[in-house]
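So that you can tell them apart, the chains are marked A, B and C in the order they are listed, and the count of residues begins at 1 in each.
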Amino acid sequence: MRSRSSNSASPALVLGALGGLIFLHAPIWIIFLYSFTTDEATYTFPLPGFTTKWFGVALQRADLWSALSLSLKVAVVATAAALVLGTLAAAAVYRSNFFGREAISLLLVLPIALPGIVSGIALRSAIGTLDIPFSYWTIVIGHATFCVVTVYNNVLARFRRMQGSLVEASMDLGANSFQTFRHVVLPNIATALVAGGMLAFALSFDEVIVTTFTAGQQSTLPIWIFSQLVRPRDRPVTNVVATIVVLITFLPIFFAQRISASSADTEGETK
Amino acid sequence: MTTPAIRFESVSRHFGEVRAVDQVDMEVRDGEFFSMLGPSGSGKTTCLRMIAGFDRPTSGRIMLYGQDVSDLPPYERDVNTVFQDYALFPHMNVGDNIAYGLMIKKVDKAERTKRVDEILDLVQLSGFANRKPSQLSGGQRQRVALARALINHPKVLLLDEPLGALDLKLRQQMQVELKAIQKRVGITFIFVTHDQEEALTMSDRIAVFNEGKIEQVGEPSEVYEHPASQFVAGFVGTSNVISGDVALRITGSSQTFSIRPEKIHLGSMDEAVDSDMHSVEGNVRDVVYLGLYTRYLVEIAPTLDMVVVSQNLRTTSADVNSVKGLPVRLSWNKAHTSVLGGRGA
Amino acid sequence: MLNRLSTYLYRRPRLVLGLLLGPPLLYFVVVYLGSLFALLLNSFYYLEEFTGLVVRQFTLTTYAKLFTPTNLGIFFRTASMALTVTIADAIIAFPLAYYIARFAPKKIKTYLYIAVTIPLWSSYLVRVYAWKLILAKEGIVSWFFNLFGLQFILDKILSIPVIGGSSLSLSPIGMFIAFCYIWLPYMIVPIQTALERVPKSLLEASSDLGANPAQTFRQVLLPLAFPGVVAGSIFTFSLTLGDFIVPQVLGNSRFFIGQAVYTYQGTAGNIPLAAAFTMGPIVIMIVYLLIARKLGAFDAL
């Protein structure tokens, strides 16, 4: 037979796929590389020399530490809010077939589906109209709006994969709603909460567009980086910070994706 | 008479315009194996869910051993369920699954372990306590689900088509086992099924559901031999249902009646017919040889066939095929005809 | 006690629904919809030029200011960029998505999926920054062209009017590359999902009916994967439309929508004009979503 076996990809396709993959990941490795450059004023390639001293310099910078701590504080609280609100919304949408559940989903997705600038300027307008002073909380409130959807999606997907009869079985065996939540629902959605929470954390830790509109004069880590991008003053330090940010966000995202992928794999199919 | 285990007092359950259960009255006796039989959408599952407490009647009352439980949540009724999909908790092992009810009731750990071992013995799964549900076969999961319900000594055990997911061999084996377990523990079983054979095999009594109402309640033999309505006659086994002019010709009355195919004798035209028999003449239109028995389609009136089955006691395939196209006389004992009332007649 | 509360709630499913839905709904209606409403409201105010204060009075003058040649140019430039990026991303994404969905061995597949989705969540800003490094005059790309003595090609490309510039890192071409890179995962995932939903039997049926692999691809797979492409394009289009980081970092003095909004609200303090400006991408997105729905994109999401 001349026709290709349907199980092997043509060389052109493999090449295209590989190209896509390299395009997706190579730039990140280049960032790592640059954090070791001795070049202070330009982005010369090949690097004129290697050094690790910029990591030490970055660690000494008070402005970086305060930006990092603000970012972490915002991300933790925004994630906590997202976990509560997202889970409640997912539970509501899952358990009842009420009128307008599509609208709820749409409403929650809106903050990440609309261009970031829209959410940003909208929040900015509200802050301006109500004369609310910029603060830590204006940042958190902004971040929570777009973090909710990651938790919501993860938890709702898990609810849908969960056998509907489990909750009934638990109640049938004598457990009231609270016991059922603690012994049956929570263990079954735990990894979805972890995955959704980690993604929410990464999303918040990394966010810059909405934050620019809700932060006022405060500087989160992404805002610090952004100011460096527009007016580069500390190139080598920026390189180091970029590397650190990639590393900090990489782990939670990797594990979150791992969890979602593996729970989707093992679902239903049993050996 | 003792208090019935379950008593429905004109119970209805409406979902919007749909009357899933419509004014049902029924009683399930203490200690019996009671089946609710009917096609999907007939209301049997809704009835079961109302007994379990997952659903509440729109009107009417449900009594459990004399107590009105219509408004009690599931965890406050002494009733347990074996779910169609078993609903085993995937994050717990078999032992923890079975001990769940005891854990909720705060029975101490040693006692729980002891009772789990006992019940695993009963369902022939000793030594499986540490397995995860995902490591079990369908039949084993079914036993775990049964054990998990039985360990709480419920007053009534509900079974929602628990054998539906099993293959035929296993299903037949489980039918026998379930019945044996029920005899041993003496608990009232209410069994929902759409499989008439299953219901006939296992039950002490059967309620046949159709369109939210009960068509007939009775012992298996009664339901089979004397179906109360055309629906029951058609749904439980196969039946020849004859009405109108043809009925008048045969029985002297135009009332609709049914007769089971295996009760009919297929004889030649010159065979004598006793006075306690009904008879009708016809032509053999088709013959299907099925090994154990043969099924004949006999045309007794234009576009009206009667089905006759007869065991191949002495006959071979050549014998049975030779009657095709021949005129025959069908006869059966008058006592075997059931005059049908009810709807659809 | 808990039992009684549980029973109380069990009998009132609507109350439970209300309790579950209340907090998130309240939050989103008050904070988010409230903000969007404030946005709409502000777009009907205007900035008093002399005092620099926002006058809270209904007017359409702010909207009128949108229709200057400069501003229309900004809308047009941004929308063209969004469209080009979307098309390019669809082309780059398809082979990878196709490979992951149809050919990747099971073990590798999970990791490929993760490899695609990690950039989706991570370090957006850092990934923009990477291109600043790569595209810089003294950076990798220039080095690469020099290595083969091809500098003149790069110069030729950069001298193209409108899309060229003094260096790749300060030109629409550079922005285009960065945009393609940043939003690529958003295109891969929906295409892959759509391809995976095509049952194998359909492809087998097609080849059984005499189609060769290329025909099967064109006649069966591509049409069925198309909603996935459209779904992905919603993201790439919308995200490009509203971004101000990439134009700010890699662009020149010719503004994009995001930059305009950012600048008006920031240095100029003209929130009404920024708000009115934002209505542009919103209207464009609504039109785009309506078209996407016609093309079946929402089933592929």
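Quick note on the criterion: a contact is a pair of C-beta atoms (placed from the backbone, for glycine too) under 8 Å apart; a residue touches a chain by one contact, two chains touch by 3 or more.
The structure displayed is predicted, hence computed values, not measured ones.
> With chains as vertices and touches as edges, which is it: line, ring, star, complete or other?
Looks like everything touches everything, fully connected.
> Using the stated contact rule, I'd like to know whether A-C or A-B comes out ahead in C-beta pair count.
Between A-B and A-C, contacts are more numerous in A-C.
> CA centre of chain B versus CA centre of chain C: separation in Å?
58
> Rounded to the nearest whole Å, what is the centre-to-centre distance of chain A and chain C, using the mean of the C-alpha atoms as each centre?
16
> Let me have the rounded angstrom distance from the C-alpha centre of chain A over to the C-alpha centre of chain B, please.
About 54 Å separates the centre of chain A from that of chain B.
> Would you pick out the residues of chain A that each touch at least 2 other chains?
176, 179
> Could you tell me which residues belong to chain B and also touch two or more other chains?
73, 75
> Hunt down the residues of chain C that sit against at least two other chains at once, touch-wise.
3, 6-7, 10
> Okay, in this complex, where on chain A does chain C touch?
Chain A residues touching chain C: 3-4, 6-9, 13-17, 19-21, 23-25, 27-28, 30-31, 34, 42-46, 84-86, 88-89, 91-92, 95-96, 98, 104, 107-108, 110-111, 113-119, 121-126, 128-130, 141, 144-145, 148, 176-179, 199, 202-203, 206, 208-209, 212-213, 222, 225-226, 229-230, 238-239, 242, 245-246, 249-250, 253-254, 256-258, 261-262, 265.
> Given the complex with chain B, which residues does chain A contribute to the contact?
163, 165-166, 168-176, 179, 183-184, 187-188, 266, 270-271
> In the complex of these two chains, what residues of chain B are touching chain C?
It comes out as residues 71-73, 75-76.
> Spell out the residues on chain C that touch chain A in their complex, using ranges where they run on.
Interface residues on chain C, with respect to chain A: 2-3, 5-7, 9-10, 13, 16-17, 20-25, 27-28, 31-36, 38-39, 41-42, 54, 92-96, 98-100, 102-103, 110, 112-119, 121-134, 136, 138-140, 142-143, 181, 184-185, 188, 203-204, 207, 212-213, 234-235, 238-239, 241-245, 248-249, 257-258, 261-262, 265, 271, 274-275, 278, 281-282, 285.
> Which of the residues in chain C end up touching chain B in this complex?
3, 6-7, 10-11
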